[in-house]
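Each chain gets a letter, A, B, C and D, in the order it is written, and its residues are counted from 1.
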Amino acid sequence: MIFDVAAEIDYAVGFRSAMILSLHAQESSSQKILKEEFSIEPKVAFTEFRDDHGNRFVRLDTANRTQLTVRYAASVDCIFDVQRADQIAATPVTALDHPAVPYLFPSRYCQSDRLGKLAWDLFGNLETPHDKVMKITEWIHDNVDYVPGSTNAVTSAYDTVTQRVGVCRDFAHLGIALCRALNIPARYFTGYAYELQPPDFHACFECLIGGNWMVFDATRLAHLNGLVRIATGRDAADTAVASVFGSVNPTRMKVSCDLGRNQHFVPIRSEKLGPRGVSIAASAD
Amino acid sequence: MIFDVAAEIDYAVGFRSAMILSLHAQESSSQKILKEEFSIEPKVAFTEFRDDHGNRFVRLDTANRTQLTVRYAASVDCIFDVQRADQIAATPVTALDHPAVPYLFPSRYCQSDRLGKLAWDLFGNLETPHDKVMKITEWIHDNVDYVPGSTNAVTSAYDTVTQRVGVCRDFAHLGIALCRALNIPARYFTGYAYELQPPDFHACFECLIGGNWMVFDATRLAHLNGLVRIATGRDAADTAVASVFGSVNPTRMKVSCDLGRNQHFVPIRSEKLGPRGVSIAASAD
Amino acid sequence: MIFDVAAEIDYAVGFRSAMILSLHAQESSSQKILKEEFSIEPKVAFTEFRDDHGNRFVRLDTANRTQLTVRYAASVDCIFDVQRADQIAATPVTALDHPAVPYLFPSRYCQSDRLGKLAWDLFGNLETPHDKVMKITEWIHDNVDYVPGSTNAVTSAYDTVTQRVGVCRDFAHLGIALCRALNIPARYFTGYAYELQPPDFHACFECLIGGNWMVFDATRLAHLNGLVRIATGRDAADTAVASVFGSVNPTRMKVSCDLGRNQHFVPIRSEKLGPRGVSIAASAD
Amino acid sequence: MIFDVAAEIDYAVGFRSAMILSLHAQESSSQKILKEEFSIEPKVAFTEFRDDHGNRFVRLDTANRTQLTVRYAASVDCIFDVQRADQIAATPVTALDHPAVPYLFPSRYCQSDRLGKLAWDLFGNLETPHDKVMKITEWIHDNVDYVPGSTNAVTSAYDTVTQRVGVCRDFAHLGIALCRALNIPARYFTGYAYELQPPDFHACFECLIGGNWMVFDATRLAHLNGLVRIATGRDAADTAVASVFGSVNPTRMKVSCDLGRNQHFVPIRSEKLGPRGVSIAASAD
């Protein structure tokens, strides 16, 4: 499925700063970049780099600019792999590939170590990892209200589990924390999302189940097969659209994700999956 | 410098569990394993693996054991690289090698995002990254009391900066958080420590300065050139001696780190380094 | 019902300190002191005072003592007032007597302001305040494990609601926080408890419903009609057995609560009350 | 000194709710109400009450109103009592009047129990309680930035001591927490403030020193002798302008505090007091 994604962000620069931007679509076996443009105005020097997980970053020094406009646009071909839940084998911790191990541990916004008893009480009796994650996703959807502006940059899963209000970031953090508490590797996913209303970057989470990183969205705001991956990481700390080292603040942002020409899209929605339905591996990476 | 390290730990197993052990000495260009033994009694199947950072782990399933004794012993040749502080160049964020980037971000126990203003107020005016880290290390030593048993598994840098009491783990977390808040990559270091009293595993931290990961110990309990590295990670969450997925608790632990035969050891101590003295790169990895 | 209560506590004094002790039985229309003894050894000067709520305190200066033994013993006649739940009228906030108002607000260990949505989601649909508190008490009992030593002096309701483990103090704090979040005045109760195993001081909580402060015990460890009140307050911060201003630590403690001679005791237990059963007003104060 | 104070607040009512308003000037021996008007439009029934500390509240039920405008205006004669700091005697805990005792304990936003070591490290060596509080006030002023909108309703002293940014409420909470940690009774003060820019309600704190509650303002935004007291309490939880039990939100607020006719005002400012200067007892209550 081909999507045309774009982002345009204005930044105000308080003083000379460094930035790491993360808005390029990831490139992988399940996500091919057909074409792509990136620019910064006024011009500043920048470098692109990829981390070991395939995330692509742009690093720049604002020099003496006081304002910057960043533009990214791409056509991306995304392959989604739909699986029958009852055919997903559990992967015990002792059989995990080692790159998955850090995703078992607590991180800044996902304090799985503090949610252990609650996670086991609520979800421990479910049989398979897939059942557990489906139920976690449903529980978050049913118990946490999506309220724009209700949380801030320090809100973590430990808060959201009690305060029960948040945005996509908070929903994802709570999902990740609960999964890790149950010994299921879980990571944060950011990307562009087709038909997301209002248009914005989106965050959800992935779990490593049966050898694949399967995507879950407790907000139910995105089509599971309508996601174009930017980055994955332990939580939002790793995958900020802009990590700022100095003083830079966004003043305007425009994000879009449209269907490529001649594409026929049949949405797969979280709420239609059913407890033993299917899930989607957005990446087998 | 050659050290003979050993650890022997008894674990009580509550029910069938998985474990990831981290007590093997790391193997790298600056740390060579001369000989090594590892055993688990009663016998259980286990596998060794290394992560991308050279950390070595043992993964096991306790099966039906109710008690396990884990033994590790090694002779390790450690190369320390002493540098003059005034010759250490600063590395701007825009010039960092990409594997260092995650060490700029907050993690479970090192909430650098919440310590920003304090860090800049206290240390922002110091000229070089090395000066900043030296001063941070000194400040922690002067303001935080080392009290065994004073903290627990959920204590984080955000607590320690105010409560001002802790153990080596807490000293390291606070150092890391303050460094990251100042845009200096910092990571958690665990290892064996020569002449540590009482003998135990030790934790301190490393900062990437001038192209090297340099080691700092705010507890001043270890010789900087008396450390045998087990693992590095974002914080203690990544580098636990035993990450338990189930119910396993240590009941007895014996750790030692002795000088190899015919080794002549001249200690390098944190408190002797001076504000513009030297630091030690335990690894250039 | 007459109870013979006693407490004997040894304290080690680090340096000259002030202390406020709270272990005298409260004196009120529903709790009469028949006889009473109090002593401190070695002798130090002390004064007794009562606050506006009838709590009785002893204030002392340790002077140059390095060790103190405090002894209290009393025979106390407690009147319990059993009510039918379906005859308890709700008291709207606008009709509360003003001394009850502070018990609507959050306090150190009872952050009702952060538990609002959760409290309303879980208990908001129950019809009467009494139903709500009964269900809260049951929910805590069912979801929080009573584990001696599992928490510490900084643990609060905000932690317990997620960590789901604690001691009587934590059970009480969580009950209070949830009630206040639902606009039901709630306060912390400390006292002696008949047949509590192991013998100790006990904490539970009271809610102002239908004009009476009714007692609830989410631990279900005490008989509701086996309680001898020491003090009430907003939370444990107000009612510590010993508030220390300096350095004083308990080294031994012995607490007892026995039935007075010729008393016939028919226990009333939390778990027997039923959702629309009866509750006990230990004080109409 | 006579001040004319006024407040006018519009509230939007989401659904039928109860409210407790706290915007009446307190009446005491040091603060006399010369004249006063209070109204709610559209008309709803309300009752006034006073708590044991002289705080005056208005309690109301919004009934079916969807919008309310509350107006208060008064002329208030405030007596300020200036004292020489070197003549203020210390009051040991053992000599405190009992109503002051709760102000020694931690509260919702003032976790003095967690700030103990920091408080003693920074201020413990100062000789008198007055010196300690003066230095605390200065330290907060020097280390915490006043930034409107930087904090929210859950921000507490434990946060502010590290995050070092806040509004008057946060400055007051931190001052109170540090004082209580040093065994100095401290309470939250809300009121009208002459020449406060921009005009608003103001919060600062009072300490019981030498038998008087003396006022301190770490923001240095108010004249110490330009304050008209509304209420005191343990912290902001006790003294909210509007405590809402339901759904009511302010949509517009206008606050003023002018000098009465023919009054001659000589400001007394925090920064002019000097380390051993004078302080102001706004109330001997």
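We adopt the following convention: a residue touches a chain if its C-beta (ideal position, glycine included) is under 8 Å from a C-beta of that chain, and two chains touch if they have at least 3 such contacts.
The structure displayed is predicted, hence computed values, not measured ones.
Counting the residue numbers that touch the partner chain, chain C and chain D have more than half of them in common.
Rotation relating chain B to chain C, from a C-alpha superposition: 180°, rounded in steps of 5.
Note: centroid distance chain A to chain D, computed from Cα atoms, is 44 Å. Inter-chain spacing, taken between the CA centroids of chain A and chain B, is 30 Å. In chain A, the residues touching two or more other chains are 114.
Under the touch rule stated earlier, the contacting chain pairs are A-B, A-C, B-D, C-D. Chain C makes touch with chain D in their complex at residues 18, 20, 47, 49-52, 57, 59-61, 92-94, 98-99, 101-102, 104-108, 111, 113-114, 153-154, 183, 233-234, 237-238, 243, 245.
Residues 114-115, 117-118, 121, 143, 145, 158, 161-165 of chain D are the ones touching chain B in the complex.
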